[in-house]
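As C-alpha cells, here come the structures.
Two complexes come next, and they have one chain in common, chain A, joined by chain B in the first and chain C in the second.
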Partner chain A sequence: MKNLLDFYVGQMRIAAVTQLQYRAANYFYMIGMVAEPIVYLVVWSTIAEAQGGVVGGYTAGGFAAYYIVWTLVRNMNIVFTPYGWEWRIREGQLSGMLLRPIHPLHGDIAYFAGWKVAVIILWLPIAAVLALVFRPEINPTVQEVVVFFIAIWGAYLIRTMLLWLLGMITFWTTRVGALFELYFAAELLLSGRLVPMSVMPPWVQALSAWMPFRWAFQYPIEALVGDLPTEQLWLGLGMQALWIVLAGGAALIAWRWAVKQYSAVGG
Partner chain B sequence: MAIVRLWWNYVRVGVLGEVQYRVNFLVQLLQSAIALATGLIVLALIFSYTQTLGGWTGPELLALMGVHTLVGGLIHMSIQPNMERLMQDVQNGTLDYALIKPADSQALVSVREFRLWQGVDVAIGAIVIGVAVFQLREALGWEQALGFGLALLCGAGMIYAFWLILTTGAFWWVRMENLLELWQGLYSAGRAPVGIYPDWLRYGLTFLVPVAFAVTVPAEAVTGRLTLETLAGAVALAAALLIGARWFWFFGLKHYSGASA
Partner chain C sequence: MTVIQVEQLSKSYFVPEREAGLGAALKSLVRRKNREVKAVDAISFEIGPGEVVGFLGPNGAGKTTTLKMLSGLLYPTGGAARVLGHTPEKRERGFLTQVTLVMGNRSQLQWDIPALDSYDLQRAIYGLDPAGYRRTRDELIELMQVGDLVRKPVRNLSLGERMKVEFIGALLHNPKVIFLDEPTLGLDVTMQRRLREFVAGYNARTGATVLLTSHYMADVEALCKRVIVIHHGTLLYDGDLAGLSARFASYKTISASFDQTPPALDGYGEVVATDGLRVTLRVPKAETSRATARLLTDLAVVDLTVEDPPIDDVIEKVFSSPVVK
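Right after this comes the complex of A and B.
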C-alpha cells in the first residue's frame, strides 16, 4: 500500500511538472475546447431570451454559469483515449507495461490525475475571462463547493474506467472508430455535455438516469451551479462511487480477458 | 498546370492506397451517419423551443449544417492530412526529402496526401444541402448556385491558407499538434450562424479564423442572403490570405535549418 501511494505521488508529480512545461500547447488545447461550450451557451441563451427568459429552468445567466463550470468538468473528463490502445499495441508500448509489477490502470489514473493538477491551475485564468465576458449567475454555498471538489475527481474516475473498458475492444478488432463515435455521441446527448438534462425531452432524461454519463458530467456542474437539495447533493457522490466500482470492476475483468488475447507485435 | 498534374498523381496514389481497405469506407460511412444523426437531434432540440435562431429558420440552419459537413469533409480529405504530414516531417527531419524535389515546395507539401473515404462527408453534406434547399421551396437560380460555388471555393482557399500559416509555425515551435484541437474547437463554432455570437467572437471567427467565410457565407448563398459586397469581400480576403500564406511559407523555409544541422 505504501509502495502504491509512493507510485501515485511520483507519477502525478512527473505528469504535473511535464505538463506545466508545455503551457502553450496545453493552452491551445484548452482554448480549442472552450469553443464548444461557447457555441452551446450562445445558442441556448439566445433561445432563453427569445422564450421570455427561461429554458428548462435556466436563465441566460444560469446557462453561463453552467457552461463555464462545464469547461473545468470537461477537462476533468479528459483521460487516456480509447483510440490510444491501438498505438500502445502497435508500437509495443503494451509489452513494456505488462512487465511492470503494478497494474497499468494505476499508471493511467496517476498520470492523468497529475496532469489534472496542471490543468486546474491553467484553467483558472480562462474561467476568469469567461466569467467577465458572460456574467454567470452563481452563488454556491460552502457545502456545494466541497461536494463539487470531490465530485470532479469522482467524474474523472468514472470516465477513466469507462474509457478503459471501451478501449479494451481494441484487443479484438482495430476497426473501432465507428463504435467509439457511437459511444461519444450517446455520451454527448445523455451526460449533460450538450445541454442540461432539464432541457431534454422527459424520455431522454429517464434514459440518462440509468446511464453513468451524467454522473461524470452534469452532476458535478449541478452540484456547484444548481440548487440541489442537501440529500441529493450527497447522494450524487454515492452514485459516483457506485459507477466507479461497477465500471472499474468491468474494466478489470475485461483487461484480464484482453491480455489473454494479446500476443506482442514483433514478439 | 504542372501543379495540377502533380496533384492528380498524388490523388491517384492516395485513392489506390485507400480502395484496398474497403471496410474503412463502411466505418467512415457509419461514423458520418452518427455525426449526421447527432446534428439532426441537436437541430430538432433547438427547434422544439423556438421558430428561428438568430433569424435563421429550421431549413436554413439545416443548409448551414450541410455546408459545415461538406467543408469539414474537404478539410479532412485534403487540407488537414497534408498539414499533419508537414508537421511530422518537420519533427522527424524528413521534410528535407520533399524540399530537394524539383517541384514548387509549397505546392508539393500541400498535395501529398489524399484521404478518399473522408469524401463521404462531402457527399453527405451535399445531400443535406439538397434536402434543405428542397425544404426551403425556393428555386435556386444560377446566380445563387454560382455564388455558392464561388463562396465555397474562397472559403476552402482561406482555410487552406490559414492552416498553412499555422503549420509553417512548426519551423519555430515544433510541438504544434495541439493546434489541431484548437482548430477543431473553433471549427465547431461554425455549426451556428456567426451572426448570433457576440461582436468580439464574430469578428474573431470572421477575420482571425476564417470559419465564417468558410461556412456561414456559402450557407448564406444557398438561403438567399448573400450580398454582392460579402462575396466581393470573401474573394478579396481569400486572395490576400493565399498570398500572405505563400510569403510566410518561404519566410519560414529560410529559418528551417534541416534535420542534420
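Right after this comes the complex of A and C.
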C-alpha cells in the first residue's frame, strides 16, 4: 500500500510537471474548450429571460454558475480515451506498461490525476474572468464546497473506469470509432453536459438517474450550485461510489480477458 | 538449475486475408478468410543462470515473439515457459520485479522529462529502498558514462544517448533476467561497442542471465558463447557459437602466404582474395585436409591458416536455407 501511494505521488508529480511545462498549449486548449459552455450559457440565459427569468429552475445567473463550474467538471472528465487504446495496441505502447509490476489502470488514474492538479491551477483565472463577465449566482455552503471537491474526483474516477471498460473492446477489433461515438452521444444527452437535466423531459431525467453519466457530470455541478438538500448531496457521493465500483470491477474483469488478445505488434 | 525453461512453446496468429480489389473486399464482408500464422512453432530450450545466449534468426523468424512470451507480454497458444520459476504470462509481481526487456526501437522513459525523474518513478513502481536505489542508479550512470545526460529531457537526447539512459532505467531494479531485443539497432559502431561492453560487464558483475536478439553478429560474437537459431518459428540450432560453423558451413577458408608469387592456385580451391603474396582460398569442408596437405607439399608456403568462414556468412547461409518440417 505504501508503494502504491509512493507511485501515485510520483506519477502525479511527473504529470503535473509535464503539463505545467506545456502550460501555454494547455491554456489554449482550455480556452478553446470554454467556447462550448459559453454558447450553451448564452442560449439558455436568453431563453430564461424570455420566459420570465427561469427555465428548469435556473435563472440567467444560475445558468452562468452552472456553465462556469461546467468548465472545471468538463476538464475533470478528460481521461484516457478509448481511441487512445487503439494507439496503445497498434503502436505497441502497452508493452512498456505490461512490463511494470503495477496494474496499468493505476498508471492511467495517477497520470491523469496529476494532470488535473495542473488543470485546476490553470482553470482558476479562466473561471475568474468568466465570473466577471457573466455574473453567476452562487452561494455555496461549506458542506457543498466539501462535497463538490470530493465529487469532482468521483466524477473523474467514474469516467476513467467507464472509458477504460469501453477501451477494452479495442483488443478484439481496432476499428470501433462508431461504437465510441454512440457512447459519447448518449453521454452528451444524459449527463447534463448539453443542458441541465431539469430542462429535459421527465422520462429522460428518470433514465439519467439510473445511468452513470449524470453522476460523472451534472451531480458535481449541482453539488456546488444547485442547493441540493443534504441527503441528496450525500446520496450523490454514494451513487458515485457505486458506479466507480461497478465500472471499475467490470473494467478489471474485462482487462483479464482483453490482455490475452494483445499481440504487441508494434513493439 | 535452469532460469529459463521453454517446452514446446508456440504462438499463432489469425490474420485476415483477401485478394486486392473491390470485388474481393465485398466478398470478404460475407465470407471472411483467416489464415493461421505460426510465429513460433513448438520450440524447446533451457538457459542456466548467468548465461548470455544469442537468439538468432532472420526477420519474422519468431525471435521477438518468443522474447515477448518470455517477458509476459504475450500469451502462448501452446506449450509452456517458466522464467525463474514463474509462468511469464501471469505477470506476477514476483516475476516482473526480476526481469527486464530492452527493445532497441522502443523507449520506456517519459519523453518530456529528464530520465532522472523517470528513474525516481521506477523506484516507486518497483518498491526499491531509496538508499539502495540511489546507489544502483549512480553506479549505472557512472558505468554508462552518461553524466549530466540524465538531467536533460529524454526528447533532447540522441538515439545513442537515449539507449544508454534506457538501459539504466531497465536495470535499476537489478533484474536477474535481461531480455535484449536488438539493443544496438541504429547505433553507430562506437556506441554499439560501448553497450556491448556494458552488458558483458553487467553480466560478469551481477551474474544476470541474458537472452539477446541482434542482427549485428558483432554483438553476438562479443557477448554470447551459446546461440539459439530460430527460423520460421522452429528451432534450427542450439549450441556453441563455434559449433554453428561446424554444423552449417559447407566450406573452410585457407589463407596461405608465400615468399614469391605463387602459380595459379585454382586447382587447390576457389581463390576468393589475393593480397600481394597472400592468397585466400575457399575449399569444401571435406577437402580441407587434402587441400592443405597438397599446398604444403607442392609449394613454398611461409604461413598457412585454416579458418571457419565468417559467422555472418554462416548465418546468411542458415537463414537462406529452406525449412524442413
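Quick note on the criterion: the second predicted complex is superposed on the first by the 265 of 267 C-alpha atoms of A that agree within 3 Å, B and C clash if a C-alpha of one lies under 4 Å from a C-alpha of the other, contacts with A are read in each partner's own complex, and residues count from 1 in each chain.
By our rule, a residue touches a chain if its C-beta (ideal position, glycine included) is under 8 Å from a C-beta of that chain, and two chains touch if they have at least 3 such contacts.
Since the model is a prediction, treat every value here as computed from it, not as a measurement.
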| item | value |
| --- | --- |
| Combined model on chain A: chain C and chain B, fit or clash | fit |
| Touching partner for A:Val199 - first (chain B), second (chain C), both, neither | first |
| Contacts of A:Thr81 with chain B and chain C, given as first, second, both or neither | neither |
| Which superposed partner A:Gln51 touches (first chain B, second chain C, both, neither) | first |
| Chain B versus chain C as contact partner of A:Thr141, first or second or both or neither | neither |
| Greater chain A contact set [chain C / chain B] | B |
| Partner chain(s) touched by A:Lys260 [first = chain B, second = chain C, both, neither] | second |
| Chain B versus chain C as contact partner of A:Thr230, first or second or both or neither | neither |
| CA minimum distance (chain B, chain C), superposed complexes, angstrom | 7 |
| Doubly contacted chain A residues - partners chain C and chain B | 22 |
| Interface residues, chain B side, partner chain A - complex | 23-24, 27-28, 30-31, 34-35, 37-38, 41-42, 45-46, 48-50, 53-54, 173, 175, 177-179, 181-186, 188-189, 191-192, 196-198, 201 |
| Chain C-touching residues of chain A, taken from the complex the two chains share | 3, 6-7, 9-11, 14, 17-18, 21-22, 92, 95-96, 98-102, 260, 262-264, 267 |
| Partner chain A, residues of chain C touching it in the complex | 13, 68, 71-75, 89, 91, 93, 96-97, 99-101, 103, 105-106, 108, 110, 112-113, 117-118, 120-121, 123-127 |
| Touch list for chain A against partner chain B, complex | 22, 24-26, 28-29, 31-36, 38-39, 42-43, 46-47, 50-51, 55, 133, 175, 177-178, 181-182, 185, 188-189, 194-195, 199-201 |
